[in-house]
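Lettered A, B, C and D in written order, each chain numbered from 1.
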Amino acid sequence: MPDNLTDLITELALANRILGHEGVLDAFGHVSVRHPSDPGRYLLPRSRSPLLIEPDDILEYTLDSEPVKPPKVALYAERVIHGCIYQARSDVMAVCHHHAAAVLPFCVAEKPIVPVFHLGGTIGEEIPFWDQHDEFGDTNLLVVKQEEGRSLARALGQHSVVLMLRHGATVVGRSLKDLVLRSIFICQNAEYQLRAHTLGSASPLYPGEIRQADVLHQQRAGVDRAWEYWSMRLEAAGAMPPRRSSAKAARRSVPKPSRVTPRERRKGRRR
Amino acid sequence: MPDNLTDLITELALANRILGHEGVLDAFGHVSVRHPSDPGRYLLPRSRSPLLIEPDDILEYTLDSEPVKPPKVALYAERVIHGCIYQARSDVMAVCHHHAAAVLPFCVAEKPIVPVFHLGGTIGEEIPFWDQHDEFGDTNLLVVKQEEGRSLARALGQHSVVLMLRHGATVVGRSLKDLVLRSIFICQNAEYQLRAHTLGSASPLYPGEIRQADVLHQQRAGVDRAWEYWSMRLEAAGAMPPRRSSAKAARRSVPKPSRVTPRERRKGRRR
Amino acid sequence: MPDNLTDLITELALANRILGHEGVLDAFGHVSVRHPSDPGRYLLPRSRSPLLIEPDDILEYTLDSEPVKPPKVALYAERVIHGCIYQARSDVMAVCHHHAAAVLPFCVAEKPIVPVFHLGGTIGEEIPFWDQHDEFGDTNLLVVKQEEGRSLARALGQHSVVLMLRHGATVVGRSLKDLVLRSIFICQNAEYQLRAHTLGSASPLYPGEIRQADVLHQQRAGVDRAWEYWSMRLEAAGAMPPRRSSAKAARRSVPKPSRVTPRERRKGRRR
Amino acid sequence: MPDNLTDLITELALANRILGHEGVLDAFGHVSVRHPSDPGRYLLPRSRSPLLIEPDDILEYTLDSEPVKPPKVALYAERVIHGCIYQARSDVMAVCHHHAAAVLPFCVAEKPIVPVFHLGGTIGEEIPFWDQHDEFGDTNLLVVKQEEGRSLARALGQHSVVLMLRHGATVVGRSLKDLVLRSIFICQNAEYQLRAHTLGSASPLYPGEIRQADVLHQQRAGVDRAWEYWSMRLEAAGAMPPRRSSAKAARRSVPKPSRVTPRERRKGRRR
């Protein structure tokens, strides 16, 4: 993962578009990455469909999910999903919340997704469920309050994915590319599992296979091959993100003192 | 919703193409909007596939589904669906009749569609069925007579959608954009519900969740985000509607006395 | 249907490409039309995938499925399907043999396709099955002998479609456009029927509805609307057929005495 | 199959892209061909997604799956699949390893794929399963060791395809084009079989039909028609492989003594 802010913003715009183009995200859903030099902040686009995200759309947030600069644009309502997970999991570097068509049937039928093929191993042995109604009763199902975000983060625990009943899924990654792989492979896995179900039953990988398959998919060779493939598909569709506007780029290239509050900084660094 | 006739006609052409491009409409199906200044009229294209509609194709109708000007083009046979619903429901500003692939299995199996995810909440708690055969016996299943249209409008009642057995669905909206959202989300909802069914059973949202999710999707933030996304997809496919021809635009920009009959006017205004 | 040979050849190339583009035909399958002025002949492309067919690829055959001119190109092996049906059914003006993905599951499971929505009415009340193995034992399943073609034509009888077990389907039309509509709508119908089956059961149209729906879909309004739609989609994909090369066109514009044998002519005219 | 190395490399790049474009391969999976003049070698691209393969990416390997020249690029980890099958089966001229979406449900549910339509006949009467866990216990499921490759080759036996539980499939061909046909048709066959299953049951072809259908699909007419179709689709998507860079081509056009070891040569020639 780039440790340079400008490169990471470019990669985040690309990740948004790849996940939009590969059918994980549509008009809704969002992808963030932890700030490369300040673990008490994260980067998330303004409220816009992922396939349209440009580097200029990307804003900085504290882990309380407050924008660092007063925003002139609309923000995602559900950004606490990101902030609360970054607070709870110092190992998480990137977060994606989505309502992918492959995953929704499992969120509706309340049937667990289990890894059924080697690439599915990257999602881990168990994917927990979270039902917003259990703790918060009738809502519009959006995760907008800090306590809702914290409840979701607790349900996620140390797992890679949490399924949100009647809503969607939230996936975390050890890097932005790791997140993109997991988000795409959980969809493929869910699709094959559902179809296997129509043939009879779907047997999961052995626990030892899951662990080894996950290690495998942290290796650069496979990640790079997949990333080149998805980028090429995006480019063939004429959907690559534009470069950052030079004015903004110039402004950002000057390092600035962080405006994060001491409390936010503590939170971010404590984990 | 634009209160200006020219802008609304532009938006209606775009709505037709978005619904065509997103898989709700194909060669058949149609979308109308109530006239912005005369509630006793509505706007509906001439008989043409929705993905091809241009502003110049859009005609004015009275609520008896008669064209205001003698038409030189073929008209949709089923326009009474629109007129009868505008007569029965003064709160309805836009109507879409379709045979979407996601919805048809439910019209064939006579299984109710229920909201199973938050975006599905916009379709309401219950979707009634209508069987043309019950009241009219053997027909070609097209809704072409006033009494057929009125019967369908009665079945719709105060709901957002009515499923027409062995035929398709009719959706209504509080605005054109509200209609487009509902039409697309009912298809996503039906798809997830059917697939959840193959895994076991599909649990609907709680009634309170449905009400709150519907309120949510009347807010501008989500509507605008989705509209930008669908428009971008249409543009990327090179399928944006052309502008209205200037001759016609010039002609229309001159306000004209309404040719609606007193009886039609009464009907339109009474509700 | 054009009664002019050149226009009909143009329409046949277009019909091939529409059916290729709409997913009815892929690398295989073929579409023919009866000769506009000589009922004892039919027009069918040389052996080539339908989406690639150009007017110059189209050849004339006698009803014994012999090319009228000595061919310099490879011919479809299964052309007897066309000849034998034109011999048996004087009302049939166009024939399509295909292995569409929507229809194959029914040919594999030996489950009847029944019309389940109004556009499906055009396929008629009953679709018979034909099992080549019953009469001919082990074959490669291609219909290449006259007796195989005649057996298939007998199974078709007066119906619109015959399902060929473990192989595909053959559809007939009262015109080329009627054939294209039926071929596309049987695929949609099969898709909805299969999916309705996963929800419970699929109820067919009432017999009277089927008859009236079929009459409806012979009317020009719907046919023209659908044809414009499919043509537009083909054009948007950059896949419209090229015009006939002028040399060939010049040669063909000179009327020539038919080389059909008296026996073939009798056959063609007798029905 | 071209017996000229340059032409075969061009065909191999094209085969990779066709299988990528037709949905058999995605970011992963790979296709190889036996060397046209040295049966003790095979050609396989460097580690890259199949839809991106260019002639310059293609490397020579011994049957021990060692690159003939010291590689400057990353290699596929699972190349022993190819080498071990070429060692075990002298009749095999091309190999494809894939994780196609149509086939995976059968690898997950452990249900056999059987030929259910005439084009499916090309996959043969029986497709064996292989479970890496049986012999090797917990692995990451990649086939990377010689003994894993040999075990897989034993499971394949004299068949055309072997299904790898929780992983994917490996297909072999009598030529590169034969391999491409089989790889695509097994996916179509699996899709129809799964869908037939939702309607009831899927009856396979009669054994005699399978044998005759396989003979049929070795004939040039059908192969050429399908190849033209897939190439056209690839070209329409702007995805044809570039030509080989002239520098490399020049270098390769000079025949060179083989650097294969005597042991490798023996292996390759012995079979």
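The rule is short, and it goes like this: contacts are C-beta pairs under 8 Å (C-beta built on N, C-alpha and C of every residue); 3 or more make two chains touch, one makes a residue touch a chain.
Since the model is a prediction, treat every value here as computed from it, not as a measurement.
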Interface residue overlap between copies subunit C and subunit D, same or different (over half shared): different
Most distant chain from subunit C, judged by the mean position of its C-alpha atoms: A
Intercentroid distance (Cα basis), subunit D paired with subunit C, Å: 35
Averaged-CA centre spacing for the pair subunit C and subunit A, given as whole angstrom: 49
For subunit C, residues contacting two or more additional chains: 197-198
Complex contacts: residues of subunit C adjacent to subunit D: 26-28, 47-49, 51-52, 74, 77, 99, 101, 104-111, 133, 137-142, 165-168, 194, 197-198, 237-239
Subunit B-facing residues of subunit C, complex: 116-119, 121, 188, 191-193, 195-203, 205-209, 211-213, 215-216, 221-222, 225-226, 228-230, 232-233, 236
